[in-house]
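Sending over a structure as structure tokens; questions will come in a sec.
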């Protein structure tokens, strides 16, 4: 809070909700305090319906807050003129835009809207900015393609290039990775990270892809039940904030791996011995099929052995019996079917 | 707020519709002193002035408010006197005329001036034998209708006047348009007169443009005399048959109002029109149920519109077969003189001889009064 | 814009321009009265023809009529384009706001026997009554739409309300029709069939500037219309003032559609079909290209419709409204079948 004035984007005491009057007004979330600095990639997390989109729409001034302040470059968002705001904050929503006869460059060129004259004609400089933006997102080869004829991942990049062309210090994106396949998700987030660091922009995006974001984001805004927690992803891990995000569900957050896992009903305890990669992956498999790892388990245990050839083998020790397996799969399927008789 | 505005708008318009319907006498024809040449008609006035004659037409369309159109008739050889509206000067006698209504044709024909008609609207609807012949041999021009007038042809015919009727008013645009092209337009409002004699009297209006006032007076006195004689004859009968009229469409029955042209004819013919107490001059819709109740005491059914046989009446609605006139076979329609394109002489020559129409009706209502009369405009519906 | 594309567009506009001039000339040179070409040329050059009425026919009938067709086609098409963009709906046209229905209501009041409402107390000259009534009617609908639009943010709600107001006006017209005389009813029905030949030279002095004003506003809105292609949220994030934009677009649409309806009656389908044709031939979504292309195509299509409606060589003519529909409907059907994705047309 002390360095509030140097922050690019700061939110104080914000309450958001549905617009309306009296009873119609629905408060979704209140008491939001958060900041984002220059050159930072900020990921916004939260459960479905917690109000991520509403928060973002408030930040880009598409919706008015119920109370509280949103400052961009030290100026209240409501005090910007429409054009000034358009030169300061750009936005990508979740809406899949489909306009006939609109080419990739045309779409990116929309970003120059706040800079062109009343005719909307692009100047030389504008065209250069557009071209550069298209290149930055790696779509130079598609620049003349109709936006209705490119993939979702490509379209998302076009929308991002548009914000680059708009040349705003703050870029806000609502779930840019939704509906994309895994490589595209990574690449989009990576692209956002590059935009933040290379172009010194403040990029705020909401997402559900925690793993990717933890790797790339400089900062996380985490919308919990009652308040918004912010910090580097690692800070939030150490504060156990992620764990509390889903505290009412069967999901648990593993502090050391940074992963969520469904809590399963454990039926039996099992001991495990061995070392290295073999040990950790076997543990995962055993947990998946419902065993609790307990080194004191006396009547059932697995020993992971690495042979000289580099291959692994597994020995299942049960009272009076030792059985050998050559894959985790075989071991697991035996353990599963054998639950009744082991 | 938005809703209330819509409501107010709706209310205003509905009340406008209904109140003007309840006030049928008011706005059609101006109240004025009886005017020189017209005894029955209230829609025109002819005044003689030194060097010109002033012909006025009052409110020549329904809902016209209080509009007067004046035409200044100046003899071809005389100078135009000062102080009159030059745009409305018409040189008389006119030698070439275009008519937009078949009734105009009949009025001109009555004066023996059919030869001056160079073009008409919808010539195929005309029954006049002379014009029909000319049309068939290509010597009568079709100039379209109302919003679709062929101004090019009108211009190239150089008419002295174009006689128009005022449905929808000058609002429908063509009057202004014609005048702008330098053509003299004369509005004829004869169809708004509520009595047959008043309509027929418009022959005097038309005659003024030909300078045939005396002939018109002569013709009209004859018509008037014949009409009055028949009416007198019919009034001598005590028992008045009950008359119903019209044909339903869907669930509504459009019937002539109690002060309409039709109601006057029925009354003059010694009939008791079911809706004689209705104050309207125009047709008005009534519900089927009411018609069935009222029609129960009807003796005679007149003017069945498009139905030309009893079978067609059943086709419209087979419940109509329970109407007493249907059961007694007393249904007559004014379709005796319809040409093959549907042009009905009743609405053409009929306007100039209301006494002939009246004679038909007297014969229908009181067969004993006019033995041996052959129906001219009316026809008994065939039982088919 | 790439130079090649610029050249392509220039060529297209040149072609459309030539087509417009050609059709305009054809329209002036044909009519139900035969006038020799040389005489028409003489009249147009300011000379005196062999027969004096030919001059009136060419200068007072054919020229205003051709000009009316051209302007009406332009006006309806460009207002249709605006509505399709603003509502992001390929089936929107100049009439979705209920403007025509409002105009029809005004005209119905006059033609169906209530003209005293407009003329009471003073006497407007001639058919100006009709035009005034149509304008008042469409203006009233526009006013209500504006009131609503201030409070309602969702553009779809406005679309639905526009359709509702239109239906309400149509219902009121039906009530009046029900109580009308046959002859008046016919007169009204004929009005609804449209006509291009009733605009006189005097009226042109009002018709032309009104259309010019509407088209100019539209041309000046090209930039914001482009932004609206992305929807109102995106448009706002690009710095568009939505209220002002809606206001301008609605105003120009009602000036255009209201004026054409007032002078020519409700002429359908041109407004819906032409923007699609323009999109197809320009392959461009940019309104700086699309608006001029739509304007020219609209003029061309209306001139063609007018020439067809006059059935050269025949005595009679067809109502313009049925011709535009018969031309417009196949175009729309063809586009649907060709494109399949009609919902993504705009």
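First chain written, first letter: the chains are A, B and C, and each begins at residue 1.
One rule holds for everything that comes next: a residue touches a chain if its C-beta (ideal position, glycine included) is under 8 Å from a C-beta of that chain, and two chains touch if they have at least 3 such contacts.
A quick note: this is a predicted structure, and the numbers were derived from the prediction, not measured.
Chemist: Would you mind checking which chain's mean C-alpha position lies nearest the centre of all protein C-alpha atoms?
Modeler: C
Chemist: Count the C-beta pairs in contact for every pair of chains, then give the pair with the highest total.
Modeler: B-C
Chemist: Computing the C-alpha centre of each chain, which chain sits at the greatest distance from chain C?
Modeler: A
Chemist: Return the distance between the CA-based centres of chain B and chain C, expressed in whole Å.
Modeler: 37
Chemist: Could you please state the distance in Å, as a whole number, between where the Cα atoms of chain A are centred and where those of chain B are centred?
Modeler: Using C-alpha averages as centres, the distance is 83 Å.
Chemist: What whole-number Å value describes the gap between the mean CA coordinates of chain A and chain C?
Modeler: 51
Chemist: Provide the residue numbers of chain A that touch chain C in the complex, in ascending order.
Modeler: 60-62, 82-87, 89-91, 93, 95, 97-102, 106, 110-111, 113-114, 116, 118-122, 144, 148, 166
Chemist: With touch defined as at the start, can you tell me which chain C residues reach chain A in the complex?
Modeler: My answer: residues 1-2, 220, 222-223, 226-227, 229-231, 233-234, 236-241, 279, 282-286, 288, 341, 344-346.
Chemist: Spell out the part of chain C that touches chain B in their complex, as residue ranges.
Modeler: 31-33, 51, 53-54, 56-57, 60-62, 105, 109-117, 119-120, 123, 125-130, 133, 140, 144, 147-148, 161, 165, 168, 172, 175-176, 178-179, 181-184, 186-188, 190-191, 193, 195, 197-198, 200-202, 265, 315-317, 319
Chemist: Going by the contact rule at the top, pick out the chain B residues touching chain C in the complex.
Modeler: Its residues touching chain C are 1-2, 5-6, 9-10, 13-14, 16-17, 20-21, 27, 61-65, 67, 142, 144-148, 150-153, 155-156, 158, 167-177, 179-182, 191, 252, 282-285.
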